[in-house]
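When the chains are written out, they are named A, B, C and D in that same order, and each has its own residue count from 1.
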Amino acid sequence: MTSDSMDYQKILEGIYSAVEPLKGVGKVADYIPALALVAPDKFGMCINTIDGDVYLINDACERFSIQSISKVFTLAMCLSLKGEALWNRVGKEPSGTAFNSLVQLEVENGIPRNPFMNAGALVLADILLTSLEDPEQEFLAFVRELCGSESVDYNREVALSERKCAYLNAAIVNMLKYHKTIECDVERVLQFYLLTCSLEMNCKELAQAFLAFANHKKTFSYAGVSLTSSQVKRMNAVMQTCGFYDEAGEFSYLVGLPGKSGVGGGIAAIYPLRYSVAVWSPRLNAKGNSVMGMKALELLTTETAESIF
Amino acid sequence: MTSDSMDYQKILEGIYSAVEPLKGVGKVADYIPALALVAPDKFGMCINTIDGDVYLINDACERFSIQSISKVFTLAMCLSLKGEALWNRVGKEPSGTAFNSLVQLEVENGIPRNPFMNAGALVLADILLTSLEDPEQEFLAFVRELCGSESVDYNREVALSERKCAYLNAAIVNMLKYHKTIECDVERVLQFYLLTCSLEMNCKELAQAFLAFANHKKTFSYAGVSLTSSQVKRMNAVMQTCGFYDEAGEFSYLVGLPGKSGVGGGIAAIYPLRYSVAVWSPRLNAKGNSVMGMKALELLTTETAESIF
Amino acid sequence: MTSDSMDYQKILEGIYSAVEPLKGVGKVADYIPALALVAPDKFGMCINTIDGDVYLINDACERFSIQSISKVFTLAMCLSLKGEALWNRVGKEPSGTAFNSLVQLEVENGIPRNPFMNAGALVLADILLTSLEDPEQEFLAFVRELCGSESVDYNREVALSERKCAYLNAAIVNMLKYHKTIECDVERVLQFYLLTCSLEMNCKELAQAFLAFANHKKTFSYAGVSLTSSQVKRMNAVMQTCGFYDEAGEFSYLVGLPGKSGVGGGIAAIYPLRYSVAVWSPRLNAKGNSVMGMKALELLTTETAESIF
Amino acid sequence: MTSDSMDYQKILEGIYSAVEPLKGVGKVADYIPALALVAPDKFGMCINTIDGDVYLINDACERFSIQSISKVFTLAMCLSLKGEALWNRVGKEPSGTAFNSLVQLEVENGIPRNPFMNAGALVLADILLTSLEDPEQEFLAFVRELCGSESVDYNREVALSERKCAYLNAAIVNMLKYHKTIECDVERVLQFYLLTCSLEMNCKELAQAFLAFANHKKTFSYAGVSLTSSQVKRMNAVMQTCGFYDEAGEFSYLVGLPGKSGVGGGIAAIYPLRYSVAVWSPRLNAKGNSVMGMKALELLTTETAESIF
């Protein structure tokens, strides 16, 4: 069975039947008050092939807080702005520790290990703030063009609600400032970071946005953000090694696709030159990744017998 | 240009021209006395396509100490013997620290983070010692069949020479025993581990051996070691995330292929369903990976514009 | 020679001659802007015997920023307020790491190892804020009565100047809040902590204040802060093991008296039932302790051949 | 009540009544097979005043394995041999971590934080092995003269039994050798270290041996090991800050005397210029210190209202 002849709609239906029994397993991220209110057993999934076909199931058109998935968009902008020099300010090695670890920061003098740890994404936020004229609008414009939807927007209420209890992120951003890894005011960096995390998108929009990473042979140029094919592939590599906190190895092992998860329960992943996929279900496992989402992606690559490996 | 029409011989020649100026950069691993004697500026490379073509250049037929590359073979045997239960004894997450870190062991109660850290491979050695009747011969038989060469063998002198200064590995194996992560006598585990690392192979043999991992649709069964297609792909995933010590992210970023390096200067990598590749050059960078080898592989995927991403 | 017959004035003069050549060695703490302005080669010293004699030399009557020495006063208030229950919120073991280490906090779930690390003192500040009606005035009243000087006061300008670059302390207080180790608003805790550190006293006042710890057989009761003899002795024990950041062992070895240092260059110490001593000189060694101050105290116990050991 | 008029015999009797209810609390160190056989509820105590009086109670004349208390004797010999240069090979700061921590070793390049951690004592063992002609006999001769008993001896059976399961110490000694902190063969260092730990003494002999540290005004010269008064006091300081693993702060707080404990259940401590005291009871608390022993010493300084603070 080749990719071309895959009946993705049928596969999505099979996946949904298989993951439905997992409803009720895991816990919604309750440390962000606004996220705790979401219906915990939602499930949506969307596949976009590079041929232009779109396959949806269930709640695929319901928006949710994409949270850390936004780090992929921030990274794309920063890589476009700074090129390889970006890696002087943030590493690209897997962290080997929980996503919020301060230990690593202290040991390595304030250089975050990779851009998908909170510390790394805070550095990216600082780069956007110091490089762009209107960071909020330019970031939004980029994501809107990438996903083809003008109505995608920040949820400022979520960002504000998160700020009120963002003690760990506040600790990290102060640590970065102490190490002179960021230039802007700590509060401004933290609030802009939280704002980017508050973006609300649905699976359909996410899959569309990630299609640009899957289809790296197509010109990547959206709202002034341009990447070469090689840069897009390298971003995929970073997603592969660093996209799932300290479960990167597990995801690589079970699913075998580059991707990025968020504590809102979303996961976006790509099969280079084949398809992009987004899945959403709010309940998380102990590592902070969506329970049904992880299983759905594992089933997808098992069912199709296709992965990057 | 499709993979089928690639002129790999010409690509190898171009790569060699490009990396030749790096001669003299980096240092041979001198902590193993027997390795310090090797001619430091050797360079060999071999590509095996899944269609059966073999492309060689320079010292591709000269054997060297494969050292940590042997961990891939050990892992294959253990996965065949234990199945998924193997992962109760060793993790599969990138370590985020240098390959010989004891810190991680202490923090995580003696369970090594992945099978390619020294600690992890020592656990694998213990598994083989407790599971096989004649571990030395069975391991050798497996590698010989995998690479199609009956003359591949251990270099017992290298293993003995390494034992004399293997203080860090001795510390690790004692730590594992303290945490009851290994069952056998510490000295026996250490010596068997060093023996597997002492295997001598050339690039041609290594590329042939790794072809079995690249071609995961073909039945994997060698000298009684059998893996399913899914298991082979999962091994590739572990190579991707954990195969290059604390440079896994860098290799993934620059090269984009699953692989494994050794301090003897060898690197073996695969492009699933396309080819396997082995490269050897003794001088190492600060992270313990071959300088010319890393560059050669980067050039290979850049030149062909093909990687798993 | 017994303590009674000691000619402390002569000893002070000898000490001053001996430490004078160290002028110019070490660096003033320049991370606090207001401290960087102090004349770097000041030197003052004062001994108060429990018989009531006072011996002064040089700049002993010039006030300076006592910084971390204030933690002794905060601890006394908290111990008076909470008794042994205090130790549920902060440990009393030496930290074994630099005074500002976040690593230890992360590993031990937000419970600071001792009250003299910044993290521990921030917890003490939180306790005062939640226990007292007017923490600023009550803390000041206590210190004033302890040192017998109504003109001792905060330097609010120093506290404000320090807040502007207190990124590491801001990181720590957020980390504590994240771990629910403090109850108050992070900003309030941080500012109150910095205010207590901004106290300005001279050696004479400091020696007088510490006499109450040296003379533990006398009733300890100042401005409503009461401690038993046993509690005072236990505070002395905590000073001994934790009073000098990661140089506690060195100070104990060379000087052999319980005490507390501050980055303003002050050190206060006690010889139980004999005398208290305060010394001040702004230049610090790499560990953050006064160069001339450490040497002066070493000479004091060497010259008198008396220490607690 | 002055020290001279203290009725120490009566105090010992009161202490015994008070600690007797603790019988059965805590666990004998069972990781050393030979120690697991001891009667767990033994209790002995002995006080030696510098005036030459000796006070005994219960099992004070029954020998036990002194284990880590031997590190004080090793330190005395090394300090006599090397003087202050000793501190280039081992630190004197409290470790802030459990006594067997490898983390600290890795971070600090193989220099143990203090001589009373296992790593530090292994370095001391290496120093004796490289400095003395007959280390076993000279060490024994020193201890025998110090405690005034020619029948004190090693228990070679205990040392051998301990070697069989000394995986953690074996890890540490290999780590030290890797960092070139020790010169001798790892096995020789480990076995000599375990031999010194296997010394068997009773409370009477231990108290007599420690009297030399309490009475630092008397010439310290035993079997060729000579220390100045200042050196003895400095050893007392090291005992104070480092003598109780990661419970040094707690012991200092509750007892307030320099001392050293061992996992055999013994503790020796001193009140400088007053008395030495040894106590023994095999059951240990979670930190590895004798339950009844710690309580007995706390009661001693509480009852006499005397400590170094």
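Simple rule for what comes next: contacts are C-beta pairs under 8 Å (C-beta built on N, C-alpha and C of every residue); 3 or more make two chains touch, one makes a residue touch a chain.
As the structure is a computational prediction, the values presented were derived from the model and not from experiment.
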| item | value |
| --- | --- |
| Taking each chain's C-alpha mean as its centre, the one farthest from chain C | B |
| For chain A paired with chain B, centre-to-centre distance based on mean C-alpha positions, whole Å | 32 |
| Length of the line joining the C-alpha centres of chain B and chain D, rounded to whole Å | 48 |
| Approximate Å spacing (C-alpha centroids) for the pair chain B, chain C | 56 |
| Shared interface positions of chain C, touching two or more other chains | none |
| Chain contact topology (line, ring, star, complete or other) | ring |
| In contact (per the touch rule at the top): chain pairs | A-B, A-C, B-D, C-D |
| Complex contact set, residues of chain B against chain A | 91-97, 104, 113-114, 216, 229-230, 233-234, 236-238, 240-242, 246-250, 252-254, 256, 258, 272, 302, 305, 307-309 |
| Contact set on chain A toward chain C in their complex | 101-103, 105-107, 167-168, 170-172, 174-175, 177-178, 186 |
